[in-house]
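You will see subunit A twice below: alongside subunit B first, and alongside subunit C after that.
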Partner chain A sequence: MTASAKPAASSSAPQYKVLGTRPIRHDGTDKVTGRAIYAADLHLPGMAYGRVIRSPHAHARIRSIDFSAALALPGVLAVTSAADMPDLKNKFADLGEGRVNLAHLGANCLAQGKVLYRGHAVAAVAAVSPHVAEEAAKLVRIEYEPLPAVTWVLDAMKPNAPLLHDDVFTESMGQLSDKPSNVSRHIHFEQGDVQRGFAQADVVIEREYRTASVHQGYIEPHACTALWNQDGHVTIWTATQGSFSCRQQVAELLELPVSRVTVVPCEIGGGFGGKIPIYLEPVAVLLSRKCGRPVKLTMTRSDVFEGTGPTPGSFVRVKLGATRDGKLVAGEAWLAYDAGAFPGGMIGPGCMCVFSCYEIPHARVDGYDVCLNKPKTAAYRAPGATQAAFACESVIDELAERLNIDPIEFRLKNAAKEGTRRVDGPVYPRIGLVEVLEAARASEHWNTPLAGPWRGRGVAAGYWFNIGLKSSASASVNADGTVTLVEGSTDIGGTRTSVAMQLAETLGIAAEDVRPQVADTDSVGYTDVTGGSRVTFATGLAAYQVGLDIRRQMAERAALLWECDPALVRFEDGVFRTDGRSITFKELAAKLHATGGPVVGRAAVDPEGPTHGFGAHIVDVEVDPDTGKVTILRYTAVQDAGKAVHPSYVEGQMQGGTVQGIGWALNEEYWFDDRGQMRNASFLDYRMPTALDVPMIETIIVEVPNPDHPYGVRGVGETPIVPPPAALANAIYRATGVRLRELPMSPPRVWAALAAAGKSS
Partner chain B sequence: MKEFEYAAAASVDEAVSLLAAHGPRAKILSGGTDILVQLREGLREADLVLDVKRIPELTALEFDSARGLLLGAATPCYRIYEHEQVKRAYPALADAARIIGGWQIQTRASVGGNLCNSSPAADTIPALIAHAAVCHIAGPDGRRSVRAAEFCTAPGKNVLGRGELLVALEFPPPVPRSGARYLRFIPRNEMDIAVAGAGVWVRLDPTGQQIEEARIGLAAVAPTPLEATEVAAWLAGRPATPESFAEAGRMAQAIARPITDMRGTAEYRRHLVAVLTRRALADAVGRARGVG
Partner chain C sequence: MATVYIPAALRELTEGVECVKVEASTVRQVIAALEARWPALQGRLRQQDELAAGLAVSIDGAISSRGLLARVGPESEVHFIPAIGGG
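Presenting the complex of A and B:
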């Protein structure tokens, strides 16, 4: 499948029967035959079709909304706007991943008083068909008073910048600013004595980096159907990364008890963090309440680009100092990330990740969360880390070059390891960065010379925390010896299988003998979002504990059969044994009804994250000096997976994340005109890489077991998007002698840089 | 998307009378790869969508080395590059037909449709200019012909009047020692719109060392595809050398009038048109010498 090397495991690695194998995914047949039900596939009797009306302005006051002409159109069933939402001023909710200002959350779903970005939802209609809804949407008369807009983070920080909110103040060290500001938060981390540190440095390099907004680019646009039933119960079928989080957000916004809302998660066509926030769901619920029918809302591709979360555009300044022998002694970073239209972007993790790969005794980081007239940012695969790594890993490369040290050697000399204290405080437990860098250094790719003009090889490292959080699971033993597993983690990366495999390993049965199912919010215990690369780790841990619970109950049944003390029943390799007697899991499963009835295992966990994912990438490029186009010749991604439960999926995550990072690095960007309007809101002009733009991404899985998981699992999904921009920038430098410090490194930008350096025609 | 009528004409006369009756509210459906998207996205509106693929003349592909090529306006792209003789005789056309969208698009999309959509960035139009194609148009007042180079009048606009229909494109017969090439620049490797494009055709003298005649069409550097007649005239009689190609590139750059948009800046497009013209000339000369 890939050119993956054998996992570089330690010699004392435990032997597993299921983990590390590559069974066919449980949901595979339905997906390749088109039978899997995605949110847009849902059809209910009497269903109405909604349409959201979106702002044509980047920033404007809403003077009035007149629905009369729309309501007069035959077939129109309901209309709604923010006027139908409860007043949520100054209400907050804890959504597991942090406190959320409900007024902002609501105003992002339906604009309240002002529109803050082009594509901001203002109103919605429901009608008997999508075509009538579309015509009705055109008949809704909305009067706007356009306001000046700002779309670049540094512009939005200026004192005279157009102000988005009069209720957002800058929070810095627990203090609030006197006046409202677009800057909602200032973060400051410090360790050691930065001044003293830089005084020890023989070489100091300071550079500035800029990145554009990019979108997650999931292939499935957002879609949902909501039914407000006559009894007041709300059911929502939707594409979400977190059914419980969706339930809570909708319940909080509409001031309903959570038990009155059921969220049924459908199959999901990609999320990457972008399907954690809610957009359509409360709107569909309001429309359904008004018309008494289930209401379906779907987004077009341009709705997705203009109305849902991209990742922040950013400005990052990094200064690093090192001694002549290649030891980092001091670091300083200043990061400004745009949050989009509402506060609460990705600046926190950006600040925590910027120096996360290195031991830097003296360091200081300042970060700013900045509102501006773009869609509210959403999480995107290691949110905030890629921008920071682009800056830090580029300066690291310059330092290595200046010191005449091999770039991997330089990273190894300074690599974070067990005991390293990160600038934001935590001290790392056992982590695998050194092993990852050693595997990169030993790789066939790194040891194959690259020849030819305009060619260069770049390398970069990357880090993402990965989280733990809450997961529930239960499983029933069937009479045929199979097990039905019910979990609450929506499956965006093959986790049904990676979780089922952990249960299978625990029970000593085949992966195929576990039938995993992702259940709705009424059918499984609370489970946090599928995010933070947590599911294989945390829901996998729940599955392991479910397995232990089943083993304990099954051992009791065996004891009953054998009339012995349950404590004397041992379980090994799928067989229950006591003195001289044994029974396989399957044989015992057939006897459950005769020994007391069904066996159901259950578990609810809330493990401590993070699981610390480190990676390193190597890339070879060729640059066309006439056009500035960068062609990727070869790419290798190396990563510590802890334990690769299903190596194909780990490789798939590494490849997928890498390709998204390549798109971010080379061509993807929100292109705004001077009125703050995005002009490339389509897959034609928002240039994600196609299959023809990337080579096969080679993968090397390293396994340094996570001590906090029974099988050593670490999260793997996010880390691989972090290194590509820096690795590519470093490769382009080696190919051309020119350093690119702004993303995307698109052909016109590379050409302009080469021309400015006198290296192009 | 609003409801519209659909009709499939069986003859040119029937199509013309339907078009004349509906005027600009009638839209022609050939491969549909542009019009269906435009209707869905509200960029164009129609009361009547007129399918012309059932008119035999519009899906013809007739090649004769003495008479040239007659290409029906609705003939899909793949039929060009799968036709050995046509591919050899009109290589720039084949280059363009092979890079419009992906394979699935190429089985539907037509050169005539690409021309009638009249985008300044259309890939086939520089190739039509390079190959000196002529457009045969039918209308309420009978038939007329227009050079492909003069077909487009503004972005999305062309010479077709009320009731008029592009029936076919006619290409002159291939001549010895000639070669052609269409090159475009896109940031990705496929599935993209030209940031700039250049289609060139050259005829060499019997020694193969000198250009006797040339034609050049440029894409995405003006409101319409451009015919670079000055550059072509300058090339006639010049040696077929890299220096000549580079100078022709610089001349093409001088006549380009590009804009800045999400697909590229004016400065970059002006630069690219020189690079593409130079490279396309080198390739076309190579093909004329039988080595391309």
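Presenting the complex of A and C:
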């Protein structure tokens, strides 16, 4: 699907034999033949089937739960509710990506006292078959006292808004407000003298933007099976982005030692951040403890929409000032993001990303994390950055137009680079935004005229941090010269292969000679979640170090064979050498049993991030003035990958992220009625892009190596979702003369905007 | 000495001071020095001998996962920023 994918090579670039090639993915055959085991595929002897009962109300007090009729139904094995959960008030746990309030985490899995959104899990049953479980669920009598609900972020911030929690206060750098509030956090950044900065500006533009909640839309609904064994050990087979994070969340919620919980990660049908939190797992464990059987729980698509984390809806106001020669001098941003039903949304990264592409000497950012009656938000590819970029990149486009400067040139004039101080404080190291913008400016797309009525071209930039965190790996050398790699990163985007390739490069063998395995939590060292675009960077670093460990041990074996000092053995291109003698990795592998036994390499790493991923997108659209429909004619995504380990996967990430950003921009939204009920909780009514809606997404990979990784890897998965909404809004403006400032820019909304401007028929 | 940037939301507690030079070799020592100079900062950057919930520390542009134990060099630049994850 990629039209242009030639990495911008430099003459001093290292020459690799494996990195930069496109081997067939190791898990490909199982996936295309249907043999891969996903969580819902699992069947165990004596397995029971669970069903979760969910709230029909957006906000209500739970007066009573009566299981008697359900328990009287033949075939029902167990029931559970929050009454079976330990009291976790005021307990916190560090789950790798930050500290989590366990009471809130538990109450999101099974409601405590109140339901806070439609679809909130309240109780569950287990039975001998899915059908009996479904019937039993209908017999559970739950009495509610409905309460007023609020689903728009600015409404939830009002003093008279329905209050979700009486124990949530506004926290601002460790200080709590006097009264409970739906606003759970205030973030404030400031650098320079903002007032003085705006006084220096020749042009100032201030605009407001709104975005709807959208879902990650992974094709595989959540599913898990849990077994509370007679010896008290718990095993969970699940679809998760982080088996160790899942283990810790379940252990903390149920007050079990982590060593009593084993999480077996199944293949995963997409996650995009949405499969980092747990939902079903503790419920299945509680049911299994009660009935003594393994219990499987699966979600329907409606359950997924109504009961799991979307990304925040948002309100963002951005004000930027520039001099007439096109230099940004001041910026101000005010962001309010949904947290959903419980505190802890994406406002932090939203505030950090809003001006992350630019050098702005005087800037101020205020952000608010706001609880309201929607599902608890979850990470979604570059969480918080897309909403912020929609606002900032739209104002940047307006400034460029007002100043009569080419929009890419304007961005280049102000692009963040090495030494730029971010508004949140830190200074960038070597980054690749300038190279990305230059590649966009030089692209065939940008230099091809776009003609025709109702057509326009837009451009936008985007940023995501890309994080480090902990990874473990080990590998054993087989007698046939292959290597079995064991890692703990669940594979949601081809990382088995991108990690295996780094081990292969280090050992001088073919990628196909490494067999990567994703292990359960008892079979590999601690590894943080697959998220934050970290796996190819951090677990790849672990694989590199495993390779060095194996090389060291193999060199000792070669020295034994040659009766020389191991320090005299060199390793080049998969061959060990000393004083005119040589032996290949494969030849030496065959001699391990005779030279001391197995060779096993291991590594555990905790690299510091961020690695800084920048992208720029160009899009051509045609707008139908009669319907408001936006048709994408051409789309090009440009991104700095650091080093593209497997270019096809990099292109795939760029294309996938772009398409999700297009859906967010043009069609997707949680549609709530006046009772706070989501009315489009199916793929029939929640409109995601299909292959018929988008053209081929062209890709241009830029490679500015990350100096903090031996192969220059930066991570690529999240940045590409950031620019699309702004790029499309800017393209729609060029096509119609009308600026859209609310997502989605769906046909009715575009048509209404054209009509208001007197431009529709 | 390390250069420590005071988060904007706390500058009203530091008489408007935006950054200070601090003699410290760990983040714990950095915070202790800040708290000694401005007692009103107690409880704002760390709670129960851990970084405050939702907070991360950036040292020379890199976010450390070691919290209060993170090492600080004599020329380091230290920032307290929101914790970030990813999808």
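Keep this in mind: the second predicted complex is superposed on the first by the 758 of 761 C-alpha atoms of A that agree within 3 Å, B and C clash if a C-alpha of one lies under 4 Å from a C-alpha of the other, contacts with A are read in each partner's own complex, and residues count from 1 in each chain.
Operating definition for what follows: a residue touches a chain if its C-beta (ideal position, glycine included) is under 8 Å from a C-beta of that chain, and two chains touch if they have at least 3 such contacts.
None of these values were measured; they are calculated from a predicted model.
Peer 1: Could you say whether A:667 touches subunit B, subunit C, both of them, or neither, answering first, second, both or neither?
Peer 2: In the superposition, A:667 contacts subunit B only.
Peer 1: Thinking of the overlay built on chain A, is A:159 touched by subunit B (first), by subunit C (second), by both, or by neither?
Peer 2: neither
Peer 1: Does the superposition put A:232 against subunit B (first), subunit C (second), both, or neither?
Peer 2: In the superposition, A:232 contacts neither subunit B nor subunit C.
Peer 1: By the touch definition at the top of the document, which applies to A:692: first (subunit B), second (subunit C), both, or neither?
Peer 2: first
Peer 1: Taking the superposition as given, does A:383 touch the first partner, subunit B, the second, subunit C, both, or neither?
Peer 2: Touch partner of A:383: subunit C, not subunit B.
Peer 1: Mind working out whether A:188 is in touch with subunit B, subunit C, both or neither, as first, second, both or neither?
Peer 2: Only subunit C; A:188 stays clear of subunit B.
Peer 1: So which one touches more of the residues on subunit A, subunit B or subunit C?
Peer 2: So, of the two partners, C touches more residues of subunit A.
Peer 1: Have a look at where A:606 lands relative to subunit B and subunit C in the superposition and call it first, second, both or neither.
Peer 2: In the superposition, A:606 touches subunit C alone.
Peer 1: Which subunit A residues are contacted by subunit C in one complex and by subunit B in the other?
Peer 2: None.
Peer 1: Quick one: in the complex, what on subunit A touches subunit B?
Peer 2: Going through subunit A, the ones touching subunit B are 131, 134-135, 626-627, 629, 666-667, 671, 679-680, 684-685, 687, 689-690, 692-693, 746-748, 751-752, 755, 761.
Peer 1: Per the contact definition, I'd like the list of subunit B residues that touch subunit A in the complex.
Peer 2: By the definition above, subunit B touches subunit A via 1-3, 185, 187-193, 195, 261-265, 267-268, 271-272, 274-275.
Peer 1: Show which residues of subunit C lie in contact with subunit A when the two form their complex.
Peer 2: 5, 7-11, 43-45, 47, 52-54, 56, 58, 61-65, 77, 79, 81-87
Peer 1: Report the residues of subunit A in contact with subunit C in the complex, numbered from low to high.
Peer 2: Residue list for subunit A touching subunit C: 92, 97-99, 171-175, 185-191, 216, 271-274, 276, 344, 347-349, 351-352, 364, 378-383, 424-429, 464-470, 529, 531-534, 606, 608-610, 708, 717-718.
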